[in-house]
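The structures come next, written out as structure tokens.
Heads up, the next two complexes both have subunit A, just with different partners, subunit B and then subunit C.
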Partner chain A sequence: MFNKKRNRFGETLVEWTLRLSGGTTTLVIVLISIFLFTEGWGLFKSSTVEKGYVLCVNRSNKIQNLTPKQVKEIFDGNITSWKQVGGDDIPIEPLRMDDIASQYTEEEIGANFEHLPQKLSEAIAAKPGALAFFPEQFININFLGRVLPAETITLKEYFGGKEWFPTATPAAQFGVLPLILGTLWVSIAAILIALPFGMAVAIYLAEIANNRVRKILKPLIELLAGIPSVVYGFFGLIVIVPLIRSIFHLPVGETALAGAIVLAIMALPTIITVAEDAMRTTPLAMKESSLALGATHWQTIYRVVIPYASSGIMAAIVLGIGRAIGETMAVLMVTGNAAVIPHTLTEPVRTIPATIAAELGESAMGSVQYQALFMLGAILFVLTLGISIWAEIIRKEPKVQ
Partner chain B sequence: MKRILISFALVAMLASMVSAQKVKGSDTCLPLVQKEAESYMKKAGTKVTVTGGGSGIGFAALIEGTTDIAMASRSIKFDEKMKMQNGGKAAKSVVIAKDALSIVVNPSNKVTNLTREQLEGIFTGKITNWKQVGGADMPIVAYSRETTSGTYEFFKEHVLKNKNYKSGILSMPATGAIIQSVSQTKGAIGYVGMAYANSSVKEIHVSYDGGKTFVQPTKANAKSGKYPIVRPLFLYYEAKSEAKVKPFINYILSEEGQTIVDKVGYLELK
Partner chain C sequence: MQKNKFTGKRANQAIFFSLFRLMSYLVVGILFCIIGFIVIRGIGVINWEFLTSAPKDGMTKGGIFPAIIGTFYLVIGSMLVAFPIGVMSGIYMNEYATNKYVVRVIRVMTNNLGGIPSIVFGLFGMSLFVNKLHFGDSLLAGSFTLGLLALPLIIRVTEEALKAIPDTYRQGSLALGATKLTTIRRVILPAAFPNVMTGLILSIGRVSGETAPILFTAAAYFLPHLPTSVFDQVMALPYHLYVIATSGTDLEATRPMAYGTAIVLIAIVLIMNLLANIVRRRFSK
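Up next is the complex of A and B:
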């Protein structure tokens, strides 16, 4: 009697512990995704010009506003006349804080910069073509220039922009299109490379290999999954990158293809293990009846075993893609990280995870770059979530008979 | 047993909070300051903890007051200075060593001399083929560090004169990766700390006077000021805590400290 009671108490305890841990895990995941989106969403409320700074022009200038892209081109010296952005035909004189400060002595500016607002104002008033970039706090009521209105970063600029210059001043460029395309490009290529190899090994292990070979081979393949990704990246940089360069006669070996090959090797264990497990669930009775009807071993494999395991195989593919999309270190080392829209596999690309890994550590907390990186995280989250949901749907589909 | 452990941990924590000096910031300075701290601790017996993260992170910590010294491979930015001032603090700086940047190309490249203007053209994408600067007919592959690195910023300010890098630039996560890539890519060019350049890459002689004199990046040239791409490495601290941090800084500036600078591969001040 006593024992039974205690057992029941123990059972309840275990049950509640399980429930609690299940609940906590779910809560943590939900909180993480909420955190990701709230941190990232602030980006679209941020100004295109660095926080606390303003862009000013001479009063005689007709320009009403400038896009971040135009601002960057002006300060890079690629746009040199106001005519090119819709103004009068006068040359643009970009003025940075340092340019202005270096024109005056320290006494003229004052120990606590108390004379700086006036000097700035004078400098802008004297130059009709000036475009000045300096801290907002130095504008006083007597300011002789005109401040360009602050604009917020738009969804279109973020998702449709083609340039990623997160630390450019005065106007950082946050175009994520090359990054999203780069990620998809590398992942899809990786899965196309991994799939034939993965399927071949899975079929071999499930149907052809004898027990002894399987017992050696399977743990070996699973071991591949345990190698740290940075080791794969190093291997890729030393071996695959030079190989690709000499085979395709390219100027540079750090390409999407190098990333795809490394990722393919990394996705193989997942694909092989899941697909092989699916194939081995084919009931013996089905295989035997196929063979009894006179089908050969190969006919049985591709008419009975593969169709029976098709949902499992699809799940393997989708899990492999998921692994490829989220991979960071290996890709960071071999793809060259150039933020350009890729047209072929033999061009360098920059992926989302590599961007986050390379930049988040040094970006100032709460800055626009920080928010843009969180938004990238959110995009990655949505991508992998979509893939997981897809995998779940495929797995639940009724089996083909 | 548990209680003893906990109290031990508490005591250790308290002790470290009282006397420890915290140094944070630039990853370029990190190996140097870490070595300095090791030998300083052996000598003086006070604890110095050194952590990296980047120049920006060091300054942010100094503004928040969570570090005593900020290491930096660039001078304090204007808005960082303003933030310090708004918090009622004044930043003081001291140069502890210098670091020269070498421009490196593949050893098979015939080009040895480049002017600053040519380097600007190469890294901003206006010059795309080696034959435009007197080399063989092959495309230039420019390697850069990641956007958030202090080296990236320094190179942009001093060599590119604040212009942005071209958008197709290849960015590598570490100096070692740049050396590796340049050594195996024929048309490559990149920049690394002088101490990192080895025989697997070729160092370019640079001219800052429009091609009149080209200076080889050597330690002697960098120290004498002939080689132009040299940056100072700073320690920043708050004026009020000068008494607390001064012994450590003085140690770095001492003869003993400066021999460590040489050993780590940076340039001594004298």
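Up next is the complex of A and C:
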């Protein structure tokens, strides 16, 4: 009696342990989304100007605020008049701390920079067109300039911005548009390369090859899927990159095209397996009816098997894109990582995963760049999650009759 | 006329079929090219010293022993995390869960987790294990991150393995008076063992080649000592290949080392695939 009771207790305990394990994947997905968004969301609360620094103007200047893009353009020398940013028609004089400090002797500034705040203040007051950028600590009580209010990065600047310069001073640029476009550019090119091959192999394996050939080819293709992405990247770096450079006579071979080719090889197994599985589900009766009507095997394949398997084939394409979008190491090694909006396939590009991998190691924890990279991770997470769900829905769609 | 059309149809088929055959062989050919190219260029570096000594002279000489050991530890650690949870999760889905809706949610979530890019696991691992839980850049944080990555694969394989077991096994055992737990322990699990092992072996192959998840959670460029505790950083084969292939003062001099590391990585995957096939074949009789 007692023994039985203990057993039942054990059974319940085990059942609960199993139930908890069953919930792990769900829990992990929830945790991933919470962590990425909470770490990344801080970006939209942080100042666009480097931490601990301020931007100051002359008191006569009517300008209220500057966007990070404007600040960068001013310090790059592309915007030269206050009129261009909505102020009076006076030329802008960008001042970094070094510019001011170098005008005075060491004695004037003082051994511990104790006179520097005073000098900074005077320099700004003397120049009506000044825009100064220096550490916050050098502002004293009788500061003669006006500190521009700290602007926070907006969603629009993040998603619509065309420049990604996370370490630029005075104002870092966090526009993810080139990264998103770069990712899509490389992934879609990869699928376009992989698709004809993937479909050919899938048709061959599902319909044409005899059992013996199939038994050899299938494991080989699965093996292709098992090779680490860093090995593909290495192969791309030593073979494909030099090849592209010499074929297209480019200064560098690290291009979107190199990334697309490597990704195409990597996406092939996914496309082949999913498409072949879909084709195999075609009922024998349908194929036999087609053949009985006098159609050849090939006519049966493209008139019966492929239409019947079309939703599965679509799912294969979508899953292939999903894999390509998230691929990190191989792309990081062969695409050249230039954060510019791509126009041709023979230009270097930079993808979202490659950006995270390349920059996270160098960004300080909690810094604006760190937050911007986590936000990129969140974008990637949402993108790939959406693609997985999309593929799932396509697969479940009722088959064409 | 009729005959002509017939031959046209046939000719068409012949053209397409040979095209498909050609493309299929081409794809397999590419695979052989990749592996063959790396093996031919790098086989010269592989010797006992390469496998058992530490890198020297800025990665241009010596071997990759610490990276092999590091990857070995990471694989063990991640499997300690993923295997029990994955198998239990599979058992729950196939044997216990009665609510079809729950099973569907778990399955969809598992598939989705499998579709998340490895770099996102890296970010997550960094923010949860390295920073929140204060594991630091360590073997422990890397193992957990890689474990979560391998989880969907193990769950899927376990579920497949359990599904393949005929219901008569369960009914027979229950009819003899065994409880559900005993049935699972004595009947179901032994029968599913080979397939579950196959899944375990394949996920070892997968985990040993992953770079992105360990970039910020565990991997170190160079360590003078082997890791002595789970809170130490480790060197790892895929990360080692990445750094010596892309950065360094003398890329030409480190190339042979890179080829050698790539061969070892490919060999691990090949061996694991082979092993999985052997296990599958031996037990399926």
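One rule holds in what follows: the second predicted complex is superposed on the first by the 312 of 401 C-alpha atoms of A that agree within 3 Å, B and C clash if a C-alpha of one lies under 4 Å from a C-alpha of the other, contacts with A are read in each partner's own complex, and residues count from 1 in each chain.
Everything below uses one rule, namely that contacts are C-beta pairs under 8 Å (C-beta built on N, C-alpha and C of every residue); 3 or more make two chains touch, one makes a residue touch a chain.
Bear in mind that the values here come from a model prediction, so they are computed numbers and not experimental data.
When the two structures are aligned on the shared chain, A:32 is found in touch with subunit C, with no touch to subunit B.
Looking at the shared chain after the overlay, A:254 reaches subunit B, while subunit C stays out of its contact range. Contact with both subunit B and subunit C is seen for A:237 once the two complexes are overlaid on the shared chain. Of the two partner chains placed by the overlay, only subunit C lies in contact with A:268; subunit B stays clear of it. After overlaying the two complexes on the shared chain, residue contacts for A:24 are found with subunit C alone; subunit B is out of touch. When the two complexes are overlaid on their common chain A, residue A:333 makes contact with subunit B and with subunit C alike.
After overlaying the two complexes on the shared chain, residue contacts for A:356 are found with subunit C alone; subunit B is out of touch.
Contact with neither subunit B nor subunit C is seen for A:192 once the two complexes are overlaid on the shared chain. Note on subunit A: of its two partners subunit C and subunit B, the one contacting more of its residues is C.
By the touch criterion stated above, A:393 is placed in contact with neither subunit B nor subunit C.
Residues 237-238, 333, 357, 361, 365 of subunit A lie in contact with subunit B in one complex and with subunit C in the other.
Of all residues in subunit B, only 53-54, 56-57, 60, 78-79, 82, 85, 124, 138-139, 141, 146-149, 152-153, 162-164, 167-173, 177, 180-181, 184-188 touch subunit A in the complex they form.
The touching residues of subunit A, when paired with subunit C in their complex, are 7, 10-11, 14-15, 17-19, 21-26, 28-29, 31-32, 35-36, 39, 196-197, 200-201, 203-205, 208-209, 217, 219-224, 226-235, 237-239, 265, 268, 272, 296-299, 319, 322, 325-329, 333, 353, 356-357, 360-361, 365, 373-374, 377, 380-381, 384-385, 387-389, 392.
Against subunit B, the residues of subunit A that register as touching in their complex are 52-53, 72, 75-77, 96-98, 112, 135, 137, 163-168, 237-238, 241-242, 245, 251-254, 332-333, 336-340, 348, 350, 357-359, 361-365.
Interface residues of subunit C facing subunit A in the complex, by the touch rule stated above, are 9-10, 12-13, 16-17, 19-21, 23-24, 26-28, 30-31, 34-35, 37-38, 84-86, 88-89, 91-93, 96-97, 102, 105-106, 108-113, 115-124, 126-128, 131, 148, 151-152, 155, 179-181, 202, 205-206, 208-212, 215-216, 238-239, 241-242, 245-246, 255, 258, 262, 265-266, 269-270, 272-273, 277.
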